[in-house]
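Following are the structures in question.
Each of the two complexes below includes subunit A, the first together with subunit B, the second together with subunit C.
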Partner chain A sequence: MKKDSFFQKDGVKTLLASLISILIGMLSGVVVIIIVGIFNESISAGGIWDGIRLVFLGIFNKARDAATGTLMFGFNPTYMGNMLFRAMPLILTGLSVAIAYKTGLFNIGAPGQYLAGTCATLFLALSIPTSSVPAWLVWLIAFLGGMLAGALWGCIPGLLKSLLNINEVIACIMTNWLSASLVTWFFDMSSLKNVLEGTKTGYIYKTSMVINDVIVDGVQTVAGSSIPEGATVLATRGGVATSKMGLDILFKGSQVNGGFIVAVLLAILFYVIMEKTTLGYQLKACGSNRFAAKYAGIQDRRNIVLSMALAGAMAGAAGSLYSLSGNTEFFWTTYQSLPAVGFTGIAVALLAMNNPIGVIFSGIFMSYLNINGQQLTNLTAYNEYITDVIIAVIVYLSAFSLIVKTWLNHKRKKKTVSPAGGAAAHKEEVQG
Partner chain B sequence: MENHQTGSPEYVIEMIHITKEFPGIIANDDITLQLKKGEIHALLGENGAGKSTLMSVLFGLYQPEKGEIRKNGQVVRISSPNDATALNIGMVHQHFKLIDVFTVLDNIILGAEDTKCGFLSRKAAREKVKALSEKYGLKVDLDAKIEDITVGMQQRVEILKMLYRDNDILIFDEPTAVLTPQEIDELMQIMKNLAAEGKSILFISHKLNEIMEVSDRITVLRKGKYIGTVNSCDTNKQDLSNMMVGRPVQLVVDKKEATPGEVVLDVSHFTVPGRIHHRNAVNDVSFQVREGEIVCIAGIDGNGQTDFIYGLTGLERVSGGKAVLCGQDITRQSVKKRGSNMSHIPEDRHKHGLVLDFTLEQNMVLQNFLEPEFQKGQFIRFGAVREYANKLINQFDVRSGQGAVTRVRSMSGGNQQKAIVARELDRDKKLIIAVQPTRGLDVGAIEYIHKQLVQQRDSGKAVLLVSLELEEVMSLSDRILVMYEGEIVGEFNPKETNVQELGLYMTGAKRQQRREGR
Partner chain C sequence: MAFLVRQTLVYAIPLMIVALAGVFSERSGIINLALEGMMIFGAFIGVTCMNVMVGLGWFDAVKASGNMWTMQWLLLLAMMVSAVAGCVFSLLLAFAAINLKADQTIGGTALNMLAPAIVLFLVRITAKQNNLLLASGDSATWFMIKKSMWGFDKSYKFGFFGDAFLNKVYLTTYFCIILFIIMSVFLYKTRFGIRLRSCGENPQASASLGINVNKMRYAGVMISGALAGLGGCVFAVTTANASANGDVAGFGFLALAVMIFGNWKPLPIAGGALLFGLFKCIAASYNTLDVNGDGVYALASIGLDSNFYRMLPYLITLIVLAFTSKSSRAPKAEGIPYDPGKR
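For the complex of A and B:
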């Protein structure tokens, strides 16, 4: 048996295929920037050049020089940290889609699971009084509760698929909207709506905000962080946020927190489960050939539900960690739209070819494009939709990357044509 | 050997020094095939020998890298099936290309319709088809729909399709694989009639009996190479199989008298509901299998054998009756539980037997990855898995590109089947269910699998074999049960019956009155 050289390894080829897709996607973005620049009178040649640089390097941008107006580049801890912060939910929803895919299921229900996680987490984090329960414990309960809610929401299409053989895509789409409406309804009834910050209506309290339940003149009311004079404090809620875990020192002025580390750990955990354990083996066997799994005595129905539950838990964790970061706000009238982060998870998983470790990097990459798009909007006459175009092209091409991989395979085969022993293998190919 | 540099008009088709490469493989390596007018020329070879590729080249589906094709001594270029049709070359594919909901007549004229002012005119066509079917003894009902007629008749429709297009070079790609013994006899007669009328026939097969019976000359291919062309009257089955495999092959299964012992499997009044129709797929089936014997269920495909095995192995639910395996009622047990006493070589190796995108070693432990031998605290013991897989690979001679880490999808059908056989036999269970264990395999692999099954029988295992190949049924089994429309219609001792008698029971023409409780 001949040992494969570095470039002939399957994993390396997968990575190369993804990188080629990314490169083509970025170049298409450049083409769009140039075309838009040419036809838009307010953009000069210099503006086009700025746009191109920002698409690639927006994250290293340090604003325009006050005197000359030229862009300055260098390490920018705020953007870098924000990139990781935004990558966190993307990694988790990407993980959600990837896990389901390994079991042969297409989890398009990540947005609904994300909302379920958000809802459970906000309720738990803002309702358990931190005056009697330590804040770290409230955080943990809220996080686990969010994951559980996501898992339960993922179970619904899983159960429908395994018991009644209803296509999971349809069930997922319906549960998405069910979730959005339910969440809206729950918050509409709740006392967690943020009406105290003057103009801010329609938002839920941030989890980091301290809320006091007080009695003023014998009447119980909810006070914000400030306590009115002469009031008696009944209980204190809120003030729960994910620990920064020192990341705030590394990335000054950014929103990043320990949630990113949790996301990365979960990705590694799933890599281990999928590749090293009997559970992963069973899930993959079900995904790859459900009939053979059944033949071998693997409980295919149970595994389908389990896989959707795990996928839902990850999407739930994404929503949970995002709201627990403390400074994020949740606009509760969601029934008009679903969280985009859930759908972007599909792109993240596709780009990573459903590899849990790959998801970490593709999640970061998506958020990098996002930050660059923001820079483009802030500093030039372009808008951030250019980056949406790039992401769209990359998503298309990541499906294409399988073709790129086949092409890479082909190149290798041509080099090593062996006359002997190949005829049998060929017959399979032709029949297949 | 004849000199094939000069185009001789003696040959109606000549394929000279054909070389066809695919990435990584040479499927046809310098192959020469010459077809005389009015002869039946058999193309013999194992799976993957390059027979189908060669015929695809002739039919215009592939372009060869080297070599040329001549018709009546003239060099021709065939770059698409349309070119082939224009040269009067027709092909009956292994899987028929018919439209189920069309009538026989419509299927025959499809693609070569006569029209009048844009409207289909069937009248002339009907006359022509009628004349052809009378001339060659091809009995068909022109107004029946394809879905309502037998496989044998469907094949006759395919042949009529070729004749309707005035083809005089007819390619038959493994035509007998789907037929009953009686239908095979009819087909042989039809082929002889066609040749007598001056049609030239290329006949692809790996069944030696048929080739010896019907062909005039035989060309043998092995691993993409040309081995030789012989006259049928100058050769015999043993020589042919040696040429085909490249080593001496044992054609007859060598086995001692069976010594049946305790009852291992006792099936009584077993009933499995049909998946499509309302009537039962398996109806009130009762029999026993003892240790040390091979019991075979014979029958034409689709008579309930598959459903019976699904019910017995737990892949489908059973609606009545019961099955007792080693003293345990398994009728309602899970697949996993049943697996503790039975191993199962499934009918469809791609659907049930293998996870094609897994590696060979992952497939080798598909049934027993949960055993403590292969896992510790739910973590797979990769070292143990590799060691076990390599043991089986060596023991059962499973060949693949990269050994234990080969993707099973890239392996040949024979080796995929060997991998399943290795996995199932090594599990060492009391009952072995083997469903068409040699389907689509070549002589060498068949010989090997038959030997293994007999060996298992001799070591005291009970073997339940389901097979569509009567030759296999006759040579391997100790007892034969014939299944027709979901019922056992006869029980035979292979020494006291013959293929013709079995054929009558398989087609429902006869049935035995079986004693109750068997």
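For the complex of A and C:
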């Protein structure tokens, strides 16, 4: 058998299709910027040029020159690090959507699972006293608890689908809003609302904050790291944050931490599970044809629930790691809106064609666009939503890039079919 | 009680009409996950259209003339413009799904992302904030049908019927109910409607009888886009106070749920929308709800948490789905790109 040339390899073609989608998406962003610039009197030609440069290179921007007002570009470690920081939850929610997609399920429930993970993690990290349990163990419990909560929440649509034949899209949408209300309810009753910093209303404590349960004049109350005189400390909570793992030295002044590395490791783990294990094979078999898989002796119902649980665990991990970074705050009255990072996960997975390794790169790419959009808002008359337009165009194109790929394969097959290869080609058709 | 009826209708009407929008698309064989996006786009265009009319001085001219009924025609015009906008926007889905045979779920998701992105991008540039509001007044001052417009003064007692259906209502409610009936009859009783539905069940058989499947599917998606765009405008006027901020509070997705809930059939959809609207209404106003008019807020006195009521609409939907989904039957050819060679 002849070996495929580099450009004929399946993976390379997928990558090329994604890169072409990205390019067209970016170009359509540029077109929108130019059109809006022309029709809006307040934007000059220079403003348009700044806008275009920032869409591509915002991450390398070093602010405007004070004297001339022109943009300066160069390596900016803060933005670079923040890009990796924001990529962390995107990789994980992308992974969540991708895992479910492999089993033929459309996990639009990532926002709800993300909230469930956030809720469990915040509760565990802020409730277990760090005065008696070491902080690293609290971190681990909180992280695993977040994943578990996401997994359980993901199980619900999975169970509804496998046992009662309820469309998973509807079940996911309903559980999203249920989760949003439940989380609001939980924090409303909890004692985790930030009362120590007077200006912060409606937020939960940062996990990195140190909270002391104290008794002052016979009344139990909470205090920050400075304990009032004559108070008895009952327990100390909080002070839990993900280790920086040296990334803060590499990217000075940024928010990046070890969570990014955890996310990448999880993506690699899922690549191995999906490609090299029986479990992964069974999940994918259910995705290609549930009934054929059942006929082959694979428990389709169990696998649907399992797939949703794994997907939920990843979305939960996203919320968990984001809240454990120590510098993020959670606005707990969340019942009116769902976290956007869950929905962006769909775009991340689609751009990566549901490949766990690809998800790492598409997640980083999405947060690269996100940082560029932030620069647009700060420095020009444009705003960050142009990057959402670009992402939408890319997802739109990815809807038929798969078709283009099969078409390319089909053309090649016709050319290379020989009497000897006929049987092989036929076999391929049956599989497809 | 009159308030409950009125408010339930306000929530139920957009759901009903947008769910019907979904029916037209899915019955022709195209999964329309983009209802949310189409609503968002329609709402934005509707509010923009109203703002243009404010800018032209039409609203003030009507107010000066003293006959507020004329406003209803302007509202109707804005709704029509929204419908056209939704229709144009839906062409993106139709093109990807029909001509390029793309994955319809992904195409719909893309439109759901595109609509708020474009809307927020433009709103932020023109309005310098994330919310496009009417330049003057709000939807209640301009569009609400009040007692005075029927020629009664404020002290007149309207009674239950009048309070529920004639006072403080919007034209959109009645327009949408009539449209819902017309479109349902159109889908079930006309030759076009039956042909459209056949394309969602067995397109190859339809084609063998000389029906152009692709044209029918284009028609289905475009009608769907028009109805969803109109629904977006209705939502903006009745619940969002004539503002557009790239968000319709998940109503598009809820409409999708109502559609599946209603088994892709108009009558159960109307029932489902009303049920959902009722619980949505209870969630929004349970603590001031006086069901039997004795001055006691019955639900508030039970003492349940407001978050419980907020969860009710979604919980009820899931429970009803659990009981009905065994008999649920989606259009057979839904989501499968039409391939003439396949039998």
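We take it that the second predicted complex is superposed on the first by the 403 of 432 C-alpha atoms of A that agree within 3 Å, B and C clash if a C-alpha of one lies under 4 Å from a C-alpha of the other, contacts with A are read in each partner's own complex, and residues count from 1 in each chain.
Operating definition for what follows: a residue touches a chain if its C-beta (ideal position, glycine included) is under 8 Å from a C-beta of that chain, and two chains touch if they have at least 3 such contacts.
What you are looking at is a predicted structure, and each value in this text was computed from that prediction instead of being measured.
In the superposition on chain A, A:285 contacts subunit B only, with no contact to subunit C. After overlaying the two complexes on the shared chain, residue contacts for A:391 are found with subunit C alone; subunit B is out of touch. When the shared chain is aligned, no partner comes close enough to touch A:45: not subunit B, not subunit C. In the superposed pair of complexes, A:277 makes contact with subunit B only, with no contact to subunit C.
In the superposition on chain A, contact is made by A:170 with subunit C only, not with subunit B. Of the two partner chains placed around the shared chain by superposition, subunit C is the only one that A:160 touches, whereas subunit B remains out of contact.
When the two structures are aligned on the shared chain, A:295 is found in touch with subunit B, with no touch to subunit C. The contact surfaces that subunit B and subunit C form on subunit A in the two complexes do not overlap at any residue.
Listing the residues of subunit A that touch subunit C in their complex gives 32, 36, 40, 106, 160, 164-167, 169-171, 173-175, 177-178, 181-182, 184-185, 188, 335-338, 343, 346-347, 350, 381-383, 385-386, 388-389, 391-393, 395-396, 398-400, 402-403. The touching residues of subunit B, counted against subunit A in their complex, run 21-27, 29, 47-50, 52-53, 223-224, 313, 315, 334-339, 344, 346, 351-358, 362, 366-367, 369-370, 375, 378-380, 399, 401-403, 409-415. On the side of subunit A, the complex with subunit B involves touching residues 1, 276-279, 281, 284-285, 288-289, 291-299, 410, 413-414, 416-430, 432. Residue ranges on subunit C touching subunit A, taken from their complex, read 33, 92, 96, 100-107, 109-111, 113-114, 116-118, 120-122, 124-125, 247, 249-250, 253-254, 256-257, 260-261, 305, 307-308, 310-311, 314-315, 317-318, 321-322, 325-326, 328.
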